[in-house]
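Note that the chains are named A, B, C and D in the order they appear, and that numbering of residues resets to 1 at the start of each chain.
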Amino acid sequence: MSGAATTDASAIDAVVIGAAGYIGGELVRLLLGHPRVRLRAASSRTFAGQRVDGVHPNLRGATDLVFTPEEEAPACDVLFLAAGHGRSVELLRRHGENARIVVDLGGDLRIVDPEAHRRAYPDDDRPEGLARSFTAGWPEARRDALRASDRISVPGCMAMAAILALHPLAAAGAVEPDVTVDARTGSSGAGATAGDHNLHAERSGAMRVFAPRGHRHEGEIAQATGLRVRMTATGVEAVRGVQVLCRARAREPVDERAVRAIYREAYQREPFVRVVAQKRGIYRYPEPKILLGSNYCDVGFAVSDDGRDVVAIAALDNLMKGGAGNAVQCVNIRMGWPERLGLEFAGLHPL
Amino acid sequence: MSGAATTDASAIDAVVIGAAGYIGGELVRLLLGHPRVRLRAASSRTFAGQRVDGVHPNLRGATDLVFTPEEEAPACDVLFLAAGHGRSVELLRRHGENARIVVDLGGDLRIVDPEAHRRAYPDDDRPEGLARSFTAGWPEARRDALRASDRISVPGCMAMAAILALHPLAAAGAVEPDVTVDARTGSSGAGATAGDHNLHAERSGAMRVFAPRGHRHEGEIAQATGLRVRMTATGVEAVRGVQVLCRARAREPVDERAVRAIYREAYQREPFVRVVAQKRGIYRYPEPKILLGSNYCDVGFAVSDDGRDVVAIAALDNLMKGGAGNAVQCVNIRMGWPERLGLEFAGLHPL
Amino acid sequence: MSGAATTDASAIDAVVIGAAGYIGGELVRLLLGHPRVRLRAASSRTFAGQRVDGVHPNLRGATDLVFTPEEEAPACDVLFLAAGHGRSVELLRRHGENARIVVDLGGDLRIVDPEAHRRAYPDDDRPEGLARSFTAGWPEARRDALRASDRISVPGCMAMAAILALHPLAAAGAVEPDVTVDARTGSSGAGATAGDHNLHAERSGAMRVFAPRGHRHEGEIAQATGLRVRMTATGVEAVRGVQVLCRARAREPVDERAVRAIYREAYQREPFVRVVAQKRGIYRYPEPKILLGSNYCDVGFAVSDDGRDVVAIAALDNLMKGGAGNAVQCVNIRMGWPERLGLEFAGLHPL
Amino acid sequence: MSGAATTDASAIDAVVIGAAGYIGGELVRLLLGHPRVRLRAASSRTFAGQRVDGVHPNLRGATDLVFTPEEEAPACDVLFLAAGHGRSVELLRRHGENARIVVDLGGDLRIVDPEAHRRAYPDDDRPEGLARSFTAGWPEARRDALRASDRISVPGCMAMAAILALHPLAAAGAVEPDVTVDARTGSSGAGATAGDHNLHAERSGAMRVFAPRGHRHEGEIAQATGLRVRMTATGVEAVRGVQVLCRARAREPVDERAVRAIYREAYQREPFVRVVAQKRGIYRYPEPKILLGSNYCDVGFAVSDDGRDVVAIAALDNLMKGGAGNAVQCVNIRMGWPERLGLEFAGLHPL
């Protein structure tokens, strides 16, 4: 047993940098189970030399891999950068040449416009034009570009949810440009490094408005949808899971049938977006808990009686469709493989 | 040891109808600990004849009371109606004459305007004018009226939070009339009757948008603030606790200092509203978990850089300031007692 | 898209009775994803005529199946009985003839000895000898029998964990016959029917000793291990997951190396039992949360300094290795398929 | 408003060292609400100069106190040492002379026998005889000694629960000397310092056996009861709360009536121990969730049919009867005040 679980001779070699983090660990899990990928290395600065399953105990029995130091990450076909915000430029410089395909999961290269990027990431020093060479890891709108792209930047978790909720409405010209996004998130989105903010006794049972305005995913959502976005973000009791509740004003009065048609049109052939807006039942709108471990984003909606207000709701697992799962979906597209490969898990009920 | 814990000869007699519910149980707890109140009876249709501490085990050792059948509720000085929505009119008819003061905790008499009431409670059949004889149990704005009122209607939990967040802004003329309210709530708000909606395995870890539009507290908030309210409500993982996140548009650009001044002016002498909007710390905005068991409502805010958008946040314990605690505060006012009497508990950290 | 997801012509037909329950839903999920199985019907008395994904929303997009009435369950190759305790005999009578293989997941047929069975299930009326015709669904000890058995009775969730923890010690003659089992369990083990016992506000955050003595899994553990078992069971805050902490007295003083050797010998070739007893780390003993959705049972141990006391710990997902997953593993063995087929999911970290 | 909330001229002055921790914060809360105590200072090495309500946000509005540096702790009538294990000896040396009464909440002085102490706290260097000058803060058995003692050592949280469960049985000579204790605990017991062990994403939903043998509270329980104790400790999902499940072997067969009589005799006049062992109901055995914030320890039991095995169960809030609340109860006894003073809170239902 080694890190490389597949025996397919045509498989490609993959490396994960930042593999001890939560998105990194999810990439390792998915790549070990992917029939066309050989995981060659999982690197970590903090845990180099230690077993991967010591940090990610769900992988006991699935791999004997040991974390490699970052600087020893080997050449590969696809390199995943999951070391966190602010490190992508440096890692690209050092490792970019050694990989045919690079998938970045940090925030550094998501926003193309330099000024909008600086608003979201003030400390960031980014070479002019670098972000422009990356394709957004947004399969539902960039599938064709992804097929031909060797540089992919995966959206942020809350941004991905909001974009999938809002883009069809914006693209159909159905809503006014001013929208609000109220995001709720579990604790894993804050990463695997211990601090007062994610201490169990403080974070447990929280309804913590950590961003009442100006959350940095605003710029990403605006870029993708062309809308003007005001966003709040609240930590609620959960480890995994993101839900966004978006409000838009209809340009012309609409009814639920019309909105449903817009979403159906946008997503009916999508393998990982489901339209969920039912008349009854406790799961009649999108809810993260039944999505954990799956790559689905569920999207739902409601319309006010006068047809002027549209509420759009989306839910996903922040480490999956909001990170690692979405990255694997992009690689599947890039390689011309079936899009669901290695991403078949349906989620659990109850959980 | 009996139900009546006080030995004060000048104490008044109280009765709770609907005492086996969650708000009813909280009333029993508060009244047993209140130095000026003798709890004469706790009634329940379902549990008549059983011990109160069998249903509310936190009261073991505090009372030997047995639930009385509703129809045997004795005459008293103050009668609390906590039997749930749709029963207040009937209970008033049967028991109203036997009590000097009636405090209603159902939704039936909160909205005065008949049409607005019917929108919120379509099945309700309510005598013309009855609601008008009740004073809103909203101490911060109705204190003088409450001193002289023998009929008090306590606001809904989410409504109370939103009213306390929005009213100062509306009263100061600082915001445009169109506002949104996104409420998050624990499971106790749905009551003590078991059903699929509050089954632990389904409700645990939920982010359940149970009202994406048209929540019936909209009418109550509109009535209290004069604003046009669009509201959503989401169940999150918690037993107790409500948080509202409200968005308003400033009529003229404002800064945080100006908004802070509005709230300070409104609440600086209030015993149970705290203005919480700090630059740092994990509890820098209102959060229910540190309020559980207390009668506080914490109110906070943020303002966008351009001064046009105001986000107002409020948090409370739905069974306390959102129900039983607020009811006791109203009675303290009515009786001319110190307002904090029996409501001194500060909340726990951590929890 | 239909209930039958596989296109393998050699696949077998499966039917689940009691498919709206939690173990039933898990069976549906696993069978829909199993490459050698066609799920022909999912039956439910309560939900007949409704969509399966209305009850199990994680299956949206995975199936269009509608629950069939129990009496219309079609003939099939393998029939799973997941309708709960007390119904297996009746269901066998009605449907047993129509299925080549029957896998029972209720408690009715687990204990062979009539008297021991009556102690555990006093209300149960069971034909003499019926239990004897069933093979215990305990792959680690009954693999050869399972290969040839058309009647399989899957152990209870807490029993399975305790048996996997204790049997190697008992089989090796390493411990005295008197043992204790302290089991902790999530709420899904109590089923999908709402009641006061699983109301969210009451069950949330619980440490509820619901069986301080005489839990009915005692008889099952005793039967499998030959030990005398005293068991307690406590509900703790979790939806899925069981952990048992077992205490035994060593016959001769032992050290950790010796105990590790016993478990290694027992489980080194087992696909779904992992020995977890490490010197460091927060997951150094078995813990359910990293196993949810997986079919693993992790087993660990500690030994007192004097070598006389052995603590054995096991953890599993009660709906998987404690129910549906174990049932599928048994069918894989029965059919001669690879044992991991359809059970590859590794579990999530963090969760 | 200052730290000293009381206006009673006869009140005593109190100081808390280690006031930024969880037990320290609870002491601050209780002392601020205590009618006979003036809180003169709350000290912290880490947070000196910062507001107390910045760390303990439940105290907003209750105090304007700022943490003082430890070395500036003023002289006082009663000094509480809550700085954690390993610091009591040093703090006594520096501050012991400045306080009439010292209440230590660390582990350093609980076990009198030097060898037993070293087994529990191997790194500890303790002057010969120091522990002997302290009275155990165990009101139920040491009330008379506490009335006359100026040096009090409060038991550990799990130890207190186990002692209250086991001591009556031991004192009555009803059980054999070998007992086991299985303790379950929330995360606040591990303190307020962030680390991997209490990271929310890892600790959430845990069933973490962090001590399968040799937990250091064993020595304390043995000292108090005279029994031979084997103990395990497991972290479960909770912030506050401890539950112990103890097993003992009856010396002569007993029935539940006899055991109930033993507990009644021991605790019928105790203000903070309730005997809870009922035939029905979901709270029929002791459970921490209804005790949070209260100073109660609930004790319950079950007996096997043959009368040979006794299971004793106890639950408490680890920061209250397991720490700060118990310390205040001891001071009430020492001062000759009513024992419930400042400790009236009953706990919440539901929570």
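Everything below uses one rule, namely that contacts are C-beta pairs under 8 Å (C-beta built on N, C-alpha and C of every residue); 3 or more make two chains touch, one makes a residue touch a chain.
Treat the numbers as computed from the prediction; the structure is a model and nothing was measured.
Enquirer: Taking each chain's centre as the mean of its CA atoms, which one is farthest from the centre of subunit C?
Expert: B
Enquirer: Name the chain pair with more contacting C-beta pairs, choosing from B-C and C-D.
Expert: Top pair by contacting C-beta pairs is C-D.
Enquirer: Quick one: report the Å distance separating subunit A from subunit C, using the average Cα coordinate of each chain.
Expert: About 34 Å separates the centre of subunit A from that of subunit C.
Enquirer: Would you mind pulling out the distance in Å between where the CA atoms of subunit C average out and where those of subunit D do?
Expert: 39
Enquirer: Just curious, how far off is subunit C from subunit B if you go by their C-alpha centres, in Å?
Expert: Comparing mean C-alpha positions, subunit C is 45 Å from subunit B.
Enquirer: Can you list the subunit D residues in contact with two or more other chains?
Expert: Expected reply: 22, 188, 192, 196, 201, 204-205, 239, 283, 287, 350-351.
Enquirer: Give every residue of subunit C touching subunit A within the complex, in rising order.
Expert: Against subunit A, subunit C makes touches at 22, 25-26, 29, 32-33, 54, 56-62, 188, 192, 239-240, 274, 276, 281, 283, 287, 290-294, 296, 298, 344-351.
Enquirer: Would you mind writing out the residues of subunit B in touch with subunit C in their complex?
Expert: Counting only subunit B, the residues touching subunit C are 22, 186-188, 192, 194-196, 198-201, 203-205, 239.
Enquirer: Of all residues in subunit D, which touch subunit C in the complex?
Expert: 180, 182, 184, 196-197, 201-202, 204-209, 212-214, 230, 232, 234, 236-238, 241, 243, 245, 247, 282-283, 285-289, 300-305, 309, 311, 313, 315, 350-351
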